[in-house]
């Protein structure tokens, strides 16, 4: 269990660090066009071949990781904090505030997520930032739900009553007692969500509502090259594989964290 | 008198740690044996071992539990299931939680019975009603119609005991059957268990921490501390003239009502 | 003798949609004198827990008044309520659950001290002393609640409750979840603390024999009302109501 956690943790960390230094890791300039060498078959010089402008695919995939991974992490962090704040607030306050916010979250949950994000992104216009905002706007309810139900459970505990009697004010109760006790399930939700969010961001880019060309981003790279799929499949498969591998790493890490935090583990 | 169940030098371990050590006793037909101890004494473990309920971490490492010539810990799960209910009945601390919350009492009792023998629905109905009447339920039909959550804690416990008696087992293993109940209901449940012994001649192994319940019910008492027998004998004698230091300390700690 | 706590015509009615209103506590009045050990007994559903929740202000009252040291605390909130808790503390039925599972026992005990203005370092020293006063070594401050036994945890809970020198200590079934030998030790500890610190106890319990042993005076609650009041011996030997008689007869 612990070994698995360390293994996937290191793998994920390596991915994040590598993507940060991605510019220095590419063998070629990812934006340099070489029309003479367009649509080259994978070879020793260009492991993933080149695209229709003769740009090295490997370099583009490596550079693309920065946009893909960082925007995903930013997005997940954003919705985790936002959702948790709303959820804890609702649970603590109760009354009509809770009812109103939860009905709003119901509305968001009732729509098919990506379709709704598409509408928001289309209204805001393209670009990575707007894609993050669009996905963030539709994804917070899940976190709010988790945070709310966990907070409600904590509110009923004996220790919280004891803390109240010890003279703790509202802020102290929330920050010192409730939040530390609910981070586990929220963290697990977030970890498991990294993969999903990466896919959805790539999906939006694929549809032309995320990163704009020539910025290298896995989703938009796949979209750019999709008419070459039958003739020159490597140009599409390279970013595809990158998405596949990183989503898998984050999902497995999420699974491991969940198992690890499970109290039935008898830690 | 005939012996119904006999524990011989039983050792039980949980996750490799010994929790019960060298416990021997026997229960005769119609006898009520009380097993008393504080938390962690291994008292519940003792009856779980007989019922095959130790779970994957628990293991009888030494000794035998004899029932009708069978060594219970050695039985295969399938053979054990056959005995449970028909030969060995079990009552838990909260019978309510051993019922399924979304089905009526009738459906659950019927299923419990048909698992062990073929029985027509109307025959079952008569039997169940008759039994519930014996337990002093005024309107057995209504009890059968109700869902577990519609019954009070005390009612659930009484229905639980009645359910355990449906198949007329030879031994009833009761794990803290009155501990979750108010005193007035507790008295009723104690009286009903005594009635069970009277009417069906059932032997009862009663595990509890409540000395009052033991005093009121048990013929013999076994005092357990950290997995070992401290004292074993006729209830009055043990209570009046305790011999071991632990028993004395335990009895002194029980608050007695001065009337 | 002065009155520490007075409840006057306390009533709690639970209102829920689609169901009949349920009056859990119905016009209950009583008072606790300084230095007294007052017991409240009753079975489940008698309303004794609701009374406690109202007194500690964890539950709003429907009507009636609660006075602590002569001061009306019925409607106090926020900062004012914090001052009230200086005089009134509580020990709960489930010791392990009454401590934050992610924080050490010492943090729990020191919490009130810090909240009332003591420095962290000083409070931790005091927590150790309090643990010793309650019969545990001060090293227990560094343990988590799940690492100690129920009896030890209850001692820590008592240490937490007396940390800010309250006048009134409410013991809500504080010994019911413990083994009898441990229960006896805890009661002895409470008696010791009472003489040393002139405490007043409100002892909520369902075990009448225990109340007889521990309390000076007892109230019997049934269906939200106080049905009997007197010294335990009086009540047990000459019960005035049918319910009390039945309750006493049921004791095995």
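To keep things simple, chains are lettered A, B and C as they appear, and every chain counts its residues starting from 1.
The rule we apply is simple: a residue touches a chain if its C-beta (ideal position, glycine included) is under 8 Å from a C-beta of that chain, and two chains touch if they have at least 3 such contacts.
Since we're looking at a predicted model, the values are computed, not measured.
S.K.: Centre-to-centre on C-alpha atoms, which chain is most distant from subunit B?
M.R.: Chain A.
S.K.: Which chain is in the middle, if each chain's centre is the mean of its C-alpha atoms?
M.R.: Centroid comparison flags C as closest.
S.K.: Go ahead and note the Å separation of the Cα centroids belonging to subunit A and subunit C.
M.R.: For subunit A versus subunit C, the centre distance works out to 49 Å.
S.K.: For subunit B versus subunit C, what separation do you get between their C-alpha means, in angstrom?
M.R.: Those two chain centres are 34 Å apart.
S.K.: Need the CA-centroid distance for the pair subunit A / subunit B, whole Å please.
M.R.: 54
S.K.: I need the residues of subunit A touching at least two other chains; which ones are they?
M.R.: There are none in subunit A.
S.K.: Show me the residue ranges of subunit B that touch subunit C in the complex, using the header's touch definition.
M.R.: Of all residues in subunit B, those touching subunit C are 38-39, 153, 182-184, 186-187, 190, 209-213, 215-216, 249-250, 252-259.
S.K.: Which residues of subunit A touch subunit C in their complex?
M.R.: Listed in rising order, the residues of subunit A that touch subunit C are 157-159, 161-169, 172, 177, 180-181.
S.K.: Which residues of subunit C touch subunit B in their complex?
M.R.: For subunit C paired with subunit B, touching residues are 43-44, 150, 179-184, 206-210, 212-213, 233, 236-237, 246-252.
S.K.: Provide the residue numbers of subunit C that touch subunit A in the complex, in ascending order.
M.R.: Its residues touching subunit A are 56, 58, 78, 82, 85-86, 88-90, 92-94, 97-102, 108, 111-112, 115-116, 157, 160, 164.
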